[in-house]
Structure formats: structure tokens, C-alpha cells
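My structure is below; once you've seen it, I'll send some questions.
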Amino acid sequence: MKSRYAPFVLGLLPIAAVIGIWAALAAYGTLPRALLPSPLAVFTRTLTLLGDSEFRMHIATTLFRLASGFAIGLAVGLALALLAVLDARARALLTALVQLLAPIPKIALYPMLILVMGFGDASKIALVAAEAAFPIYLAAFQGLRNVETKLVWAARSAGASPLHALFFVSVPAALPTILTGCRVAMIISCIVVFLSEMISSTEGLGYVLIDAARNFRMIDMFAPIILISALGLLLSAGFNMLRRRLLVGYPDA
Amino acid sequence: ATGPALAQDVPTIRIGWTIPAEDTKYLMMKRPELFPALGSAYNIEWVQFQGTAPMAQAMIAGAVECSTQSALVLANGHLQGGLESYVVASHVDSTPGHFSPYWAVREDDPIREVADLRGKTVSINVLGSGLMGPLTMYLEEGGLDPRRDIRLVELGFSGSEDALRSGRVDAAVMNQPFARNAESAGGVRKLFSTEDVLTTMVQIFEVCSKAFVDEQPEVAEAYVRDLTSAMDLVLADRAQTIEVAASVTNIPVPVLEAYYMTENDFERYEGGAFQFDALQDMFDLYTRIGMLEGELDAQLFRHPTLSAPLR
Amino acid sequence: MIAIENISKRFKTTGGASHLALSGIELSVSEGEFVSIIGPSGCGKSTLLYIVGGFVEASEGVVRVDGVPVSGPGPDRGPVFQEFALFAWKTVLQNVAYGVRLKGRSRAEAEARAFELLRMVGLERFASFYPKELSGGMKQRVAIARTLAYDPGILLMDEPFGALDARTRSHLQRDLLRIWEEDRKTVLFVTHGVDEAVFLSDRVVVMGAGPGRIVDIVTIELERPRERAELVLDRRYQEYVARIEGMIDAVEAGAA
Amino acid sequence: MIAIENISKRFKTTGGASHLALSGIELSVSEGEFVSIIGPSGCGKSTLLYIVGGFVEASEGVVRVDGVPVSGPGPDRGPVFQEFALFAWKTVLQNVAYGVRLKGRSRAEAEARAFELLRMVGLERFASFYPKELSGGMKQRVAIARTLAYDPGILLMDEPFGALDARTRSHLQRDLLRIWEEDRKTVLFVTHGVDEAVFLSDRVVVMGAGPGRIVDIVTIELERPRERAELVLDRRYQEYVARIEGMIDAVEAGAA
Amino acid sequence: MKRVASTLLAVAFLILCWEVAHRSLGLAALPGPFTALAQLPVILGEPSSLNDIFQSLRRMAIGYGLAAVFGICVGLMMGRSAVFAHLLNPLLMTIYPVPKGALMPILMIWLGVGDMSKILVIFLGVSLPVIFHSMQGARSVNEVVVWSAAAMGMGRGGQLLRVVLPSALPEIFIGLRTGLVLALITMVTSEIVARTDGIGNLLFNSLDMALYDRMFGAIVLIAAMGYFLDLGFDRVRAFFLSWSPAQQSLGASGG
């Protein structure tokens, strides 16, 4: 029984260490108090804020944007990768398009997105989707192309159409890689949703953060940061569970 | 502009700046040869920021010694962030007879007065920025609650015109140089100006941290002297000022020509003299409408000697 | 009917060299015929099977199945690969049921058929195992069962009994023969066992290396059904084995 | 000397079941002895070899090499795996030279040694090929050469000649025997060929399945050096083969 | 040849979409493609812009290089050791989602407003995919291949470097490619808050000044940089992965 919790404890160690260093810096460091409140103060403040319904609304808004943006990015990234693997002409075009579009910082286009899609959720979701789609596309495309060819041959011989072989052989075979791409995209989505809310928003955790920063309420700045970190942990745990579920039987699971 | 042998002994100060409208600094950046002390008595490492709030944070963090500031950020930086600093020179202000930021609506829009703004979307450069003060005053005088009766969205000055014309917002805040572009293109009209609420507003000014001023008074003094003479040079030679501003901001010269240093531009004071009274008025306004917690004395930011003009 | 017409295959290697793996292969296999291919390691047996399977394109020549040129894989030709190529994410049962389901059978039907074949290869107890949990020989048996399950008209088998012990091997040889005698599939069977080849085949193709080519084709005129125990005592069988072994020796001696 | 003391191995399967692959294995192999292991597919031969190699931990029991318990892999025990396990990113030559270089030899020395072994397995012409460009049998030969090249004191060979044609196989058997006779390595040799086992070994271990266990150990008292052509005519050899085949049949019949 | 053709087609397609969007939206914030392209010679003609580009590339190269080395090492170790993965995974997952812009005030104290903080941001952006893809690559290495090396007497470190690394290379390159894209993006965004020099400075200053032609010119420039970096990257990848079975015979598998 003890060993079941060992990984969990192990994972908390470095985090505890970071918090310890933080506490020490806040207590004895030379940093201005205004810049680095103690962890205790931050955690109590975060708890207080969590009790506030308006703050919880901010959290809900951010989560909604994150989830829908990521979902769209996932769908688009996967669909395009499948298309690129299926069709040689689409592949040539998509490869070139991705090469051209991927390195563009979408954040620079954000002001234009606002004008086209408004100040509300749509423009932020679009931004998250745009940034999430690329890592997923790249991972899925490369993963699908690296699939052991004899597996596909075996399926095609059994009468699988190219499409069927793609979905039921190549995709499962590439699943570990695709999931890794999703994991990267997930974290990028977290960053981008905050960034978009920091640039222009009237609600969401990113707004809470930037509002606190502008008004020099450092402690309120830390609360959203703590929440993003917690969200990262939560997503990671969920992701690992999903991975274990999906990758039953895989040699590397 | 300095020999490498000399550079070692010369102290370097880090100065935060933004665009636009800090002509004194642009001149010091682009024409250091006009300032004998610069490079011999001290050196400057220029660090550009986006907005005054990050610069205040950088000053609190000790990452820069001096920076451009605005009234509300300065006050909050002091009250919330514990920033101890002095205002040493003015950059630009809004005064009667000069440009003041204003809110514009579309020409054909039926919005005529405050009450018409109910339920409309209004833009502001930064939620909780200094312009929030005059806007709040204006709305409250018309019986509107800025939190409930309008939808306030954050949109940088540069995006105002587009957002207004495309109908994304119903009233947009205008500032130079974007105001002048919008005016010349037509189709928009002024709804109300900050001038209607506050006749004089200090817009941006130079601030140095107390720690720096106390530790290196000679350097600080040399810097303020140079700011003073820079402002004199700016006011003396419009063509040069425009040329320098254009090269820093990349705004085309004709655009600047059209308004720079005219009555449609902000006021620049002789020698960069700073109006502490106007700052006090603004503090009081912010306190009254709750944007500042408690009274704040503008004299706190006044150094007994170190204040432009220093000649 | 399979008609292999003047097939050559040239590989470009990573080193930049070009390697002639097969040259001028001519072979025709009639419907329901069991043909074994035997030859030294690296002479191109697998490559030839891949070309017939439609997985690899020939550099020259064409393969026709019932007159139609092969342009890709199809459910008429079922391969058993030397490397097994099992679906790692499926259990043994799901692997074997896969091809059957593709033919539109219900899940229950497919699994019943899969169980039947797993029983045949002696793995019914391992139905719920994943491939990574199997031994080499067990993987090979799953691969065989998977292909037999969906009942292709032509079988392309690449050393299917290579990793098996003698008893399991002769079991499966017997079962393969039984299946073949029942519905007379066309079989192309690569092996290293001369006795196996003679025991199973109508004809044995002897290949040589450098470049891969057909050296000789021996027609095995032994009655069917064949019974191993009887056959090993049969003079003709012994002669066939000796003759083919002699040929291979000659081929390899020539190559070395 | 290898002492395998009361080894058991239990696997947890993905399905959640637990599978006893080996149970109570006791075997000791003296220095310079050639021991073959033979048994039905899936009886745990590979697993046993992995445990001796130190790649897999036993669930119970201990393996000692010269009295020291095995706690991991080491260059004293050289494995040849059933799956070849070549380094895909290295050419054939680099694969074979790798272990030699690890022993601190210069590049030139290592390559000379590698060429020597490639000549032995008949692949000197393919030195610059990458593994993906080899046939199954060729990969297997590279794997054998790679292990022999770095000259481990103990060889752990898992069906090393499984994918080879008869001639190459007997070539390599001869070469292996020659190497063994020269410096008397200790060899644990898994095979499915009873004749191969008898031809090569001092003792043949017969394993049974369900769970994997040792059924019997046959000591082969044939003089060395052995010559294949002579041996096949030797009555004692034929008797050994028949006896072991009978044992395996009995084992498998019992299991079925 | 085919590659050039499809690139040209893609460029034409993009320009078309752009032009259509420009005409139908009628926003000043979205100038037409040719107006933007006309800015390219202007931008490239300014010595200060060239310096910007150079500084950005320099920081990116440093950040990317450090992240590649760090990410591969950490990822491989996490992939091969469960203890390591359990130890580091939660920490990484708490650090990575935090927008670095929010931490700037604190980072400024430790690292200043110059190169260091920007390189750090690039480093964090790039190391993220590299770590996770390396971890995945190390996980899926065929155990028996590692055993072969271990049996030759190779130590743990050697196995990681000489066996796990090359085996995981195809997957690592997926991470490095995503990392390259993120490097460009973070390089630009790292220059939002504190701007000294760099192409992000060029971009965001144009944005702040509503100089949209120039801004889109800068975007085209960044895209072009990305394109050519990616092209070079592909060469490198092909060189390192020539041995990989997955790199061949794609025709048949593509179906």
C-alpha cells in the first residue's frame, strides 16, 4: 500500500523544496517585501479568494476558454495531420503552409483577432486553438509517418481500406507520440489563455493577474499563478491517468 | 561615443523608456554628442518597456534607476509597491490650448451625451489606467455607473480607430498620434475630452528612484541637467525633434509634421519643469473616486534640489 | 493464379550504393498450388513475397494475380511476416479477430473464429495477453492465426514456423496442410527446412543469391493426403530431400 | 561457473492476471561447458536466459556466476537475442565493432576484429549496410558476430541459428564449436533443433511448460572434436536424438 | 523541385487568403499582402533592424541550444527512470504553465532586463516539448537493444547517451521541431515587456504605433526566418536519421 503513494510523495518533494526556498527568500532575502510575499501569505490569500464568488467566476471563464480552445486546436491539428498522411498533395501543401505559419507569433495577430471576433471569448479561444494546433499537428504527423510499415501492410492485407488502416492501425501505433504532442499543447494553451487575458480582458484569471500587477498588489498576482500551477498539476495527473487508460498493452506504457 | 578606456570609470545608469512622446530621451539616445556629460560623467543603458506599470515594477525591483511614469502608476507604485522616488522632470502634459486625450464616437452615431452611453461598449487603453479617472467623473456626472451601465473594454490607443470604425466599440479613447490620423480621415467626432473634467493633466514625466538619487547624487544631477537642456533643444528645433522622433518611433515624418508640437499636441514645458500642483489635483481626483486608497501628497515626490529645470 | 513476370528489384542503400536483390524472376503458381521457396539467407525470398503481396514495388517486371497486375495489398493475399508485425495495442484475441471483423462479421462471430484458430495454434489460454507478454514462438503463432482467420485465397508465408519447436511445428504443418487440402488455397511458402518444403509442397523453388534468382524448380510428385510418419520412410521423399539439399549446397558453394 | 538456484519467475500481465513462467529451476553449468536448453514454445527458455544475463530479475532464487550473485548485465556474459536487437543507427561494421571498442581497443583494431567476424558469418560485403537493409537471417548473423566479437567468457544464445538456411547454419555451428574448443567458453544455448543440441552440447536440458520447469538433463558423451558428417552415422548420436525427441514428445503430450 | 512548387503554391494560397481577408474586412489593422511585402526592403534597409534581427537570432540560438541539451538529458532520464519521472514531472507541470511575463518583475531582479531573462523565456519554451518528446522516445526504446549494450559492459550513462539517445532520436526530433517553432514565438514574445533590441521589438513597436504595414512586414520576416530555419532543420534531421527504418518506403504506408 505504501508504495502506491510513493510516486506522489516523490513528486511533492521538489515542489516542497521550491516552496521552502521561496519561504526562505521571502523571510531572509534581500528582495523587497512588496515583490515577494511569503508562501504562507500567498496561500491564505488564495484560499480567501477562492471563497469569493466573483473570483470563482474568473476561474470558470478561464477554464472554459482553455478547454474550448484546446479542444478546437486538438480537432484541427489531428484532422490536418490525418489529411496530410492520407493525401500526398494535401501533405505537400500542408507541410509548406505549416512551415510558413507555425513560427508566426499568433499573439501579434491578436489585436486583429479582437477586431474580427470581438473582445469576448471567441478571440481568446481562437488564439488558444491556433497555438495548440501546431504542436499537435507536428506530433501527430510525424508520429503517423513513423509507424512501422509492416503493421500497415498486415492491416491492408486483411482488407482494411487505407482510411481504416490509418484510423485503426496508424493512429493507435502513433498514439504515444500524439499524446505527448497533446501534453505540450495543453501547457502552451495554459500559457496562451493567460496571455490573451493579460493583453485584453475584463474577466478571467489572466485579467486578475494583470490587474493586480498594475496596481502593485503582488500578493494578488501570486494567487492566479498558484492556481495556474495547480491547474498544471491537475492536468498532468489527469493526463497520466488518460495515458494509462489509452496505452494499455503498449510496450512503453 | 566614449573611448573604451574611459568607459570603465564612468557610472552607468539604466533608464526605462517607452514610445511615443519622450522627445528629450530620444534626443539623448540619438544625438549623444549634444550632451557633453553623457559619456564622460555617466553612461546610459536604455531599456524600452511597454507601458509605465512594468517600468514601475522594474524600479521597485531595482532593475532600472529612472523611468517615465504617469500619475496613477506612480501613486500606486508608492502606496502598494513601496516605491520611493522623485519626479525630476516633465515630458508632456495636457493643458488648455494643447491636446488632451478624448473619447470619440462615429460621426453618424446618435450618441450625443453621457446618457446615450448607457449599455454601450467603451474602450480604454488600460483598465484602471489614469484616464479612468476623468472617464469615471464624466460618467458619474451624467448619472452612469462605469461598472454597470457601460461595457468597458481594454484596447490600446493604437487599436481605437479600427475598433471604432468597425463597430466593435461605440466610443473609443483617442490619443496622439492616433487621434490626428483619425481626425484627418474623418468620420469620427469628439464626444468628450479629459479637459472637460480636469483642465490640466500631467501625462508623463521622468522619475528616479530615491535609492539612486541618494547614492549617486552627482550622476542624478547630471542626468537632470541633460534632460533640461534636451528639452530646450527639443523646443528650439522642431525639425530636428521630428526627425529624431520619427527615427525612434518609425512614425512617418509627414504624420508627425501634421501635429507635432502644435496646439494639437501635448504641452512641453520649457526646461522640463514639472507641475506638482497639477499632480496633486489628479491624486485628489483619484482618491475621491476610489482609485487611490487615501490621500497622497504630491510633495512627497519632490526632491529639494533635484528638479528640472537644472541649468 | 499468380504470374511473376521478369521481376527485378534494386535497392538504394543509405550508403549510396545500389544493391540488386532480385533479378529476372519468372514463376507462375497455379490456383490451389502449394509452392515453397528455399534458398540461402539474403537471396531475396522475403523481398519476392513483399512484391507479390503488393507491399514493395518491383524495379522491373510485373506480378499478376488472376491476370490483374498487383498494385497494392489486398485481402485476397494474406501475408505472414518473418517479423510477426502484431498490433501491440490489441490482445492476442483482438489481433486474430481483426481481419475477420474487417470482413463485416459481428464481434461474436469474429471472436469465435479467432478462438478456433487460437486453439489450433495452442494459444487459447493466452487470448487476453498482449503481444509484449508472449514468447517469440507464441508471437509467431499469433501472426499465423491472424492471417488464417480471415481466410485469404492466397497465403504468403515467410518462414512461419521458424521459431517453433519440432512438435508445435509439425502440428502446425499438419493443420496448414489440412486447411489447404480443404479449400485449396494458393500458398507461397518461404522456408529453410528442405524436409518441410518437400513435405508440404507441390513444387519447391530453389533460389540462389548474388543477385537473387531462381536456380531450379523441383516438382514433388508425392500423393496427397500426405502423412509425415509414412513419408519419411518413402524412398522418393528421401530422394527429393537429398536432391534439393544437393542443389542448395551447389548454389551456396558457387556463391561462396 | 554458473549456478542457477531455485529460480522462479512470475509475470503480472496487463490483464491483471499473474503468470508463472518459471518455477524452481535448478541448474549448474561448469566452466567451459556447453549446455543446450530445449523445450516447447513459451516454456520460459528466453526468460531463463534473461535472468542469467541479469536483464530480468527472478521472482525467487538467485543466479551465481563464479559464486557472485548476478545483479545486472556485464561483459562477462554475452547474449545473442532471439530478436537480434541490433543498433539501428549503426552500420553492420559499427554494430560488430561496438563491443570491441567498449573494451578500450582502438578503432582500427576493433574494425579489424569486426571484419574477421563478418567474414566468418559471410557478411563482409555488407559491412556498410544499415540493419534495416538486411534480411532476417543476415540480421541474425550480425547479432551473433557482434557478441562473439567482444569475446565474453559466457555466451547466452537464444535460438541464434533459427532464421538461417541449413548450410549457413551448419557453417556457423562448426565455427561456434571451433571457437568454443579453442578457448572453452561457457555456453548456454537455446534451440529447437534436437540434432543441433546433441551435436553441440555437453549436456542437453529438456524443459517443460506450464509452469516452465526442467524435465530432464541428458549428458552427451560423444568425443570431441566432433565432425558432423561422421556423427550422423554414429549410433550413439542417433540414440541421443531419438531419446531427447521422445522426452519432448512426452512433455508436450503431457502439457496438451 | 516538388518542394519548391508546393511552397510556392502555399505562398500563393496564403497571399490569396490574406488579400481576400484584407478586402472583405476592410480593417486598417490588416493591410493587404503587397503593402506589407513592400515594407520588407524598407525594414531590411535599416541598420537598426538588421541589428534587431541579429540580436534575436543570437538569443534564440543560445536559448534553443541550452534547451535542447537540457531537455534531451532530462527527458531521457525521465523516460528511463520511473523515480526520476515521478520526481520531476509534477515540478515541471507546475512551472511550465506559468506565463513568464507575469514573473517578469521578479525575474528582473535576478536576471535584469537584458538578455538573460529573454534567453530564459526562450529556454523554457523550447525545453518543454523537448523534454516530453525525449521522455516518450526513451520510454519506447526497445529494451532488448539496451540490454545488448549493457551486456557489453556499458554503464548507465553510456547506455543513455549511446543507446537510448540514438534510439529515441526520431521522437526527439519531433520535440526539437516543435521546439524550433516555439523558440521563434517565445523569442518574439519575450520582447513584449522589456524591449532592448530584437525583431519582437520591431514588431511590437509597430503594433503600438499602429504602423500595421510595418508590423505585417515584420511578421512576414519572422515567417521567412521560420521557414528557412525549418528547412535547415530538416536537413539536419535527415542527416541524423538516415538509418531509421521509418524514414523509408512511405509511399506504401501512406496508402
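When the chains are written out, they are named A, B, C, D and E in that same order, and each has its own residue count from 1.
Keep this in mind: contacts are C-beta pairs under 8 Å (C-beta built on N, C-alpha and C of every residue); 3 or more make two chains touch, one makes a residue touch a chain.
Predicted, not measured: the structure shown is a model, and the values here were computed from it.
Shared contact partners of chain A and chain B, listed by label, are E.
Of the two chain pairs examined here, B-E and A-E, it is A-E that is joined by more C-beta pairs in contact. Between the Cα centres of chain A and chain C there is a gap of 48 Å.
For the pair chain B and chain D, the distance between C-alpha centroids works out to 82 Å. The distance from the centre of chain B to the centre of chain C, each centre being the mean of the chain's C-alpha atoms, comes to 83 Å.
Residues of chain B in contact with at least two other chains: 57, 60-62, 156, 158-159, 162, 166. The multi-chain contact residues of chain C, meaning those touching 2 or more other chains, are 14, 55, 72, 83, 91, 130. The residues of chain A that reach two or more other chains are 35, 111, 115, 148-149, 153, 156, 213, 218, 248-249, 251, listed in rising order. Those residues of chain B whose C-beta lies close enough to touch chain E in the complex are 14, 19-20, 46-50, 54, 57-58, 60-64, 156-159, 161-162, 165-166, 177-178, 181, 249-251. In the complex of the two chains, the chain A residues touching chain E come out as 6-8, 10-15, 18, 31, 35-36, 85-86, 88, 91-93, 95-97, 99-109, 111-112, 115-116, 131, 134-135, 138-139, 142-143, 145-149, 152-153, 156, 162-163, 165-166, 170, 176-177, 179-181, 183-184, 187-188, 190-191, 194-195, 198, 206, 209-210, 213, 218, 221, 224-225, 228-233, 235-236, 240, 251-252.
Those residues of chain A that touch chain B in the complex are listed here as 32-35, 111, 114-115, 118-119, 200-202, 207, 211, 213-218.
Against chain A, the residues of chain E that register as touching in their complex are 2-3, 5-7, 9-11, 13-14, 25, 27, 29-30, 82-83, 86-91, 93-99, 101-103, 105-106, 109, 128-129, 132-133, 135-136, 139-143, 170-171, 173-175, 177-178, 180-182, 184-185, 188-189, 192, 200, 203-204, 207, 215, 219, 222-223, 225-227, 229-231, 244-246, 249-250, 252-255.
Interface residues of chain D facing chain C in the complex, by the touch rule stated above, are 11, 13-15, 17, 19, 38-42, 44-47, 82-83, 91, 122, 128-130, 133-138, 141, 159, 162-169, 192-194, 245, 248-249, 252, 256.
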